[in-house]
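Accompanying notes for the structure given below.
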Amino acid sequence: MNKNRLEAFSDGVFAIIITIMVLEIKIPHGETFAALTPLLPVFLSYILSFIYVGIYWNNHHHLLQSSKNVSGNILWANLHLLFWLSLLPFATGWTGENHFAPATMALYGFILMMAGLAWWILQNKLIATNGKDSVLAKAVGGHRLKEIISPIGYAIGIACSFWHTWISGCLYIFVATVWLVPDRRIEKTINNP
Amino acid sequence: MNKNRLEAFSDGVFAIIITIMVLEIKIPHGETFAALTPLLPVFLSYILSFIYVGIYWNNHHHLLQSSKNVSGNILWANLHLLFWLSLLPFATGWTGENHFAPATMALYGFILMMAGLAWWILQNKLIATNGKDSVLAKAVGGHRLKEIISPIGYAIGIACSFWHTWISGCLYIFVATVWLVPDRRIEKTINNP
Amino acid sequence: MNKNRLEAFSDGVFAIIITIMVLEIKIPHGETFAALTPLLPVFLSYILSFIYVGIYWNNHHHLLQSSKNVSGNILWANLHLLFWLSLLPFATGWTGENHFAPATMALYGFILMMAGLAWWILQNKLIATNGKDSVLAKAVGGHRLKEIISPIGYAIGIACSFWHTWISGCLYIFVATVWLVPDRRIEKTINNP
Amino acid sequence: MNKNRLEAFSDGVFAIIITIMVLEIKIPHGETFAALTPLLPVFLSYILSFIYVGIYWNNHHHLLQSSKNVSGNILWANLHLLFWLSLLPFATGWTGENHFAPATMALYGFILMMAGLAWWILQNKLIATNGKDSVLAKAVGGHRLKEIISPIGYAIGIACSFWHTWISGCLYIFVATVWLVPDRRIEKTINNP
């Protein structure tokens, strides 16, 4: 019951974040296809951010599904995650409008990194609440390769943004690809506990 | 349970898409009815897009109601559909503000086509997950006239947009009319399996 | 089940309509209280529209609570209602920014009238689906004073807007006051069937 | 059932309020970190407002969880709360863009105060509906220190805003800190009735 409302509120915020990003793709004044070309960088950054929010929603879905208890501090850990994700539309628009300029790519990576950190905190708090023998703990407790790759990818991405921004872009895309597969570990453990 | 949250998130995105489109109808500076006339094309495109999103929401509702199981790749097929629908407010505003100029009508049709393709993928994945003998499969498995008419309508619409844009407009309205009737096939099969 | 998702989607649209109206109250450039005075008409129209959307949400809540069955054409009657309500933020902003100019007050009343008509259609379709002996039919079937007062109030309001706009304003406020009381008829009949 | 829809609608409004505030952080034209510095005040006010909306959502969650019955006037008491919270994005943007100027800080405090008053009314109406012996009444009926501190904090904050705005800021942050802890009283009483 408790959990349901946390999910409903998070779903609302996820849905709004993913949709207001599209408002950054401002309608051009021209009426030809040529008028669309300046929008290409904004559109590309929109696609990547859409995928990231989709990944977070997907994994959030799996994470909470395998949780039984939700306490007060988990509500705040969840809000902390939503706070960083709520800044993603800003970073997306800024980097898109400035054709992936160094500072904008660094900020984009920084927000991804903070969202990743907030996710990690939320996951740990959920494991602590549900116990080390819970379905959740077992599922997450396997190999944590993805959890290690992500911050490294973001960190190198932020560092490289002042050198070659395309490396940063590739790294952010790479981390998204790694996460695209929903947490099969959890799904498996639920089905075969 | 799984399914409920997919529905809740999709409902949120549908609700936001349908509502932010109205933000493209910018408040005019004049205070007379004459000040409203330049808004007429935007308003007309808003009505059509509102109906299209309504059709998708309606059919999405029927589709998921007859589905029992939702797997990880269905979450992504669903996000793929929402991605193309999230671009509809942009296409709606662009074509409305440019009085249905050729390129804008072609883009509008292209986004409708891609949303239709995403819908078709989602439907097939749901059938694959629920099995060929499921309520869903039987319901959808009847005549697929609508599924054939839509892409043809969009394709001719896109092609005609550079010749006579009003043909494109009529075709997009025609396809919407075909779909306006909710999928009675599914409704029937649920009630009389 | 069917009904739940209709409610969830409508709640989403109601929530967004009520919230995006506040975006019409544009942040002023000045930093003194004097900078807020030009916003007063927009703020007043915001309050009235907020109350109207609140009334619709409240009554929508009561109407669907006493309904058992939801058919395909009810989904569309509901979307029709949401369509007119989605235009309320536009009418609210237009009339507020133009200090309740005649044409803007007429449009505001027209949209209220169309929303009222859409409500009346939705209510009738729900009664037709649930049967004349249903809780809903009995509840609504009492005195229909409010249903008669509203369109008359709107109609006179629209007509008077070109004569004395303050009469229109008073009428729109009056109709809202009449509706402010949630449909006690329905509530009573549910508790004492 | 009644209650569920009240929660769903409120969740939607909370989610939208918390997310549209981020739209006030306008994307700067420059592409360097220096272009972000003028946004710092807006960002700081965003953080505080995000926390306030989070507090209200959290406590709303706890308040309704321990309520059994929801009557018609509670729907309006709830809408009244959402009304004042819906003005928070405006106040947040105004104070942020004007670097916490006196009038803007006073308005910010005034809206917090009115939201607090609306909360107090909602809580009292829920207690009246659920009875003085309900879980809710017992939980809230303990020490009401927080309820006394908040209005005093806001009032002094408003008064000080014309003298030293930083005192107002500190007071608003202080009140938020007091409330950050979710209402453990309620949580305790539910678990050990």
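Details
Lettered A, B, C and D in written order, each chain numbered from 1.
As a working rule, a residue touches a chain if its C-beta (ideal position, glycine included) is under 8 Å from a C-beta of that chain, and two chains touch if they have at least 3 such contacts.
Since the structure is predicted, the reported quantities are computational estimates derived from the model, not experimental observations.
When the CA atoms of subunit A are superposed on subunit B, the rotation angle comes to 90 degrees (nearest 5).
In summary, the pair subunit B and subunit C forms a contact in which the copies contribute largely different residue numbers, shared numbers making up under half of all those used.
Averaging Cα coordinates per chain places subunit A and subunit D 27 Å apart.
Look at where the CA atoms of subunit B average out and do the same for subunit D: the two points lie 38 Å apart. Counting partner chains per residue, subunit D shows two or more touched chains at residues 8, 12, 15-16, 20, 23. Against subunit C, in their complex, subunit D makes its touches with residues 1-2, 5-6, 8-9, 12-13, 15-17, 20, 23-24, 72, 75-76, 79, 82-83, 86-87, 89-90, 93-94, 97-98, 101, 103-104, 107.
Only residues 7-8, 11-12, 14-16, 18-20, 22-23, 25, 27-28, 31-33, 35-36, 47, 50, 54, 57-58, 61, 65, 180-182, 184, 187 of subunit A touch subunit B when the two sit together in their complex.
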